[in-house]
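Accompanying notes for the structure given below.
Labels run A, B and C following the written order; every chain starts at residue 1.
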Amino acid sequence: MPDARRIHAMDNLRALAMLAGVIFHAALAYSPMVHGIWPVADRQSSNAIDAIAWWLHMFRMPLFFVVAGFFAAMLVARRGLWNMFRSRLRRILVPLVVGLPIVWSSTYWLTVLAARTVRYPSPMLAWIRRYASNHGSVPFIPGLAHLWFLAYLMLFTILVWVVSTMETGRWHARMKTRKASWLIAWLLPLVLSLALGATSQPFPAPESLLPQLWAVIFFGAYFGLGYHLYLYRAFIDDIKTLAPWLFIAAMVAYVVLHGSWSHADMHDDAIKAALESCVGCWLTLCCLVAGWTWLDISNRLLRWLADASYWVYLVHLPILLGVQYGLLDLEWHWSLKLVVSVLLTLLVCLASYSLLVARTGLRRWVGGGQPSIGKQGRNVLSASPI
Amino acid sequence: MSRARMIALLVIKDWQVYQKQLAGYVAGMVLALGLIGTGKPWASSAGALLLLVLQVVVGSFAIQSSLLTERKQQTLAFIMSLPVSPMDVYWGKLLANLAIYMLPFSLVTGGMVAMIMLTAIPDGSLVWMLLTAMFLFASFSASLCFAIVVESEGWNTFMMLALMTLLGPFMYLVAQLDGIAPFIRGDRVVWSPAALGVLAAECAAIAIAIGLTSWLQKRKTSFL
Amino acid sequence: MSLAIALHGVRKQYGEFALHDVALTLPLGQVMGLVGVNGAGKSTLMRLLVGLVRADSGTVDVLGKPMPDAQVEVKQQIGYASDDIRLYRGQSLRWHMDLIGQIYPAWDETYAQDLLSRFDLRASQKLGGFSHGQRVKALLLLIFARHPRLLLLDEPTTGLDPVARAEVLGALADVLRDEERSVLFSSHNTADIEQLADSITFLHGGRVVASDDRESFLDRWRRILCRGSIDTWLGEDPGIASIRESAPFIEIKTHAFDESFLHGLRHRGLEIVSVEPMALEDIFVTTVRRGANP
């Protein structure tokens, strides 16, 4: 019998991962690394923000996929595979299909407006402006944008079914030991580095409409780790004593990795991929341990924020772009611009959640919560979105 | 239990019985799409080929296992002993097979449409691609109906192979048609009378195959 | 009296084989044994009753409804087990139980669990790993646990080892205690039929050669040993099924035994040495021989 307890640690970790996403995307405007290709890149940039933003990037989506895998396993345990599938169709596929045209049109419209009005355009915006004046219109390149994670979640949902038909129970039982947990902690980066070796550095968002094999393996491994964690909660206890060492190792690896990005002469991609994998994997594990140790708490505000985080992440990017296009011409310090853009974006996102989602029918699609035990019911509102 | 619910139950039953193999195909398709997604020429063409092969194999696998093997292993007798009419079983089989085929088929075709419309591939090739996809679907429907009516495994294998062999000539001949050839490399999607004619013929073939099979099925006097 | 089964003038041509003008009735609550050699038409008869085959002519009524037209309604209330029904090898018995449970509102999970332990079956095991005996028991479990009003069992004990056979017959005997339930079961093992059936039908070459209730069958048939000489009249007596001379005795088998029959024999100068009841198997063989060489 699965236990019916709401696992606050996972709710809170999910909320933090999504918040980290908003901060990361806001910080990109001041990152020297993507200055040439980010449409809202500011005139000012900072190496410090670069280091922090890309450090966040190493583990925020991995952590997110671990949480998603955890909740997928919870849904399967509590409501069965079929209902998990139905819930995923409603809460992932529908937001993807509905959200994508909205994201496309809003970002396109914002970019057209910015290309016309901004006085100090980013290199990318300047290029778009030139393109528009030569060709008569701003180019439109369809992709999954920041909603790529929904497409991959849907894919992993299908893969959960694929794996479930293979009757892996006996094989999986052998992974439920302390020794296996240690092996996972130390060896998972090896698997991940094979995936990361097949893409650029630091790993990009797989926004293409076709699934990217490296991303399927990379994020799929984290999703699988989350699934395993639900079935074997002792995993966290198993690796607890390792966590400080993993954290130190990850930080050392990140320092080396970040250094290698800024030195164009370092070309050994295999080593970089390995370093990147270690940083991401170990920091993700540390986040899990920290979350289960310190964040298994809840009150009304935290629960409200956790429930809102899915909606916030879904809608934040067009809003952030709008805010940052607006900030481009201002003479403020980059740090002030960063704080303002993050706060303003969060404010709009949370207000829209409160007005449009929290107390309306939209909650069924993009609200928060964890799956309740029991028979499927049309009125079950509390199904985790990810 | 209503008739529709019974048929739905039969469809779900088939899905459960063959889901392990189907899962294998789905995994294969993810791999194929992933290979195409790498953008490297060799991997993309390997992926595209894998996709086509899987699509064709899914069709013949579905027919082979859900109809021919069911007869051979005598599980059909078990199903027929349940409160179902032979027509319920027939519709259940037809719908289960169509669903099993349509799932990957719609994914692949939808993916191809998206790829043609959203990438540098000339939009004009959409018509030709869709006609080819419809040919695949029509030949699947014909094989399926044939397998429902004709019990002989030999004839069924012959039918499937014969229809698959026609795919190549069909693709070639359609690409030569006056109403299609001039637009294939163009940027406009043109549904010329010739293209619409081919499409209508394909739809008619599907309708005739299903209609004829339903009629023959109603006249059967022995249902094992 | 309402009938579970009523066949009138049923004909069915099946390649070389044919059922000829079969007429048969089974009252509700009765158990009928169907005896016949391989190829006698038992399975075809069963298939006609389940609606798997449509008769060329004649009428087939099951539980008061015409078959195969009312088969959906009728099959809701009948359980059909036959040697040529196979379950799905790749699926567990539990999966089959769930499927049947979804289809039949009368599915009785408690009884199913009881049968599981009685038949010594594991629900989680896949059918592919079952022995023949286990497969038969699994099929019967799926049928018994939905409490059908009419059971059609085609050779249910064929190929079973003695232990499995005893288990199946034991469970069947329990099922038969329900007086509302009608059963038609075929076998070429006459001992099973003698044990369970209220009435018995012999089928041979696609025809019903005899059909009566068990008691009158056994009462009417006798093996009589006499001393004397065979006269021509003996062969013409319609009550005599077979005559065999094994000197110094004459063995007469009759299906019309009573005191007057013995009196008639004595009257014609035969000395009665012994009168013995006959086993069903003997009755069957004698009937079939007589039917084959009238």
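Rule of thumb we're sticking to: contacts are C-beta pairs under 8 Å (C-beta built on N, C-alpha and C of every residue); 3 or more make two chains touch, one makes a residue touch a chain.
Just so we're clear, the structure is a prediction, and the values are computed from it rather than from any experiment.
Asker: Name the chain with the Cα centroid closest to the overall protein Cα centroid.
Answerer: Closest chain centre to the overall C-alpha centroid: B.
Asker: Farthest from chain B in C-alpha centre terms, which chain would that be?
Answerer: C
Asker: Report the inter-centroid distance (CA atoms only) between chain A and chain B in whole Å.
Answerer: Distance between chain centres, rounded to whole Å: 37 Å.
Asker: Between chain A and chain C, what is the separation of their C-alpha centroids in Å?
Answerer: Spacing between the chain centres: roughly 69 Å.
Asker: Cα centroid separation between chain B and chain C, in whole Å?
Answerer: 47
Asker: Pull out every residue in chain B that's touching 2 or more other chains.
Answerer: Correct list: 20.
Asker: For chain A, which residues count as touching chain B in their complex?
Answerer: Going by the criterion above, the answer is residues 142, 155, 158-159, 161-162, 165-166, 198, 208-213, 216.
Asker: Mind pulling up the chain C residues that touch chain B in the complex?
Answerer: Residues of chain C touching chain B: 47, 50-54, 56, 71-76, 80, 82, 84-91, 95, 99-100, 102-104, 139.
Asker: Going by the contact rule at the top, pick out the chain B residues touching chain A in the complex.
Answerer: So the residues of chain B touching chain A come out as 19-20, 23-24, 26-27, 30-31, 33-38, 111, 114-115, 118.
Asker: Please name which positions on chain B make contact with chain C in the complex.
Answerer: That would be residues 1, 3, 6, 9, 13, 16-17, 20, 73-75, 77-78, 80-85, 88, 221-224 of chain B.
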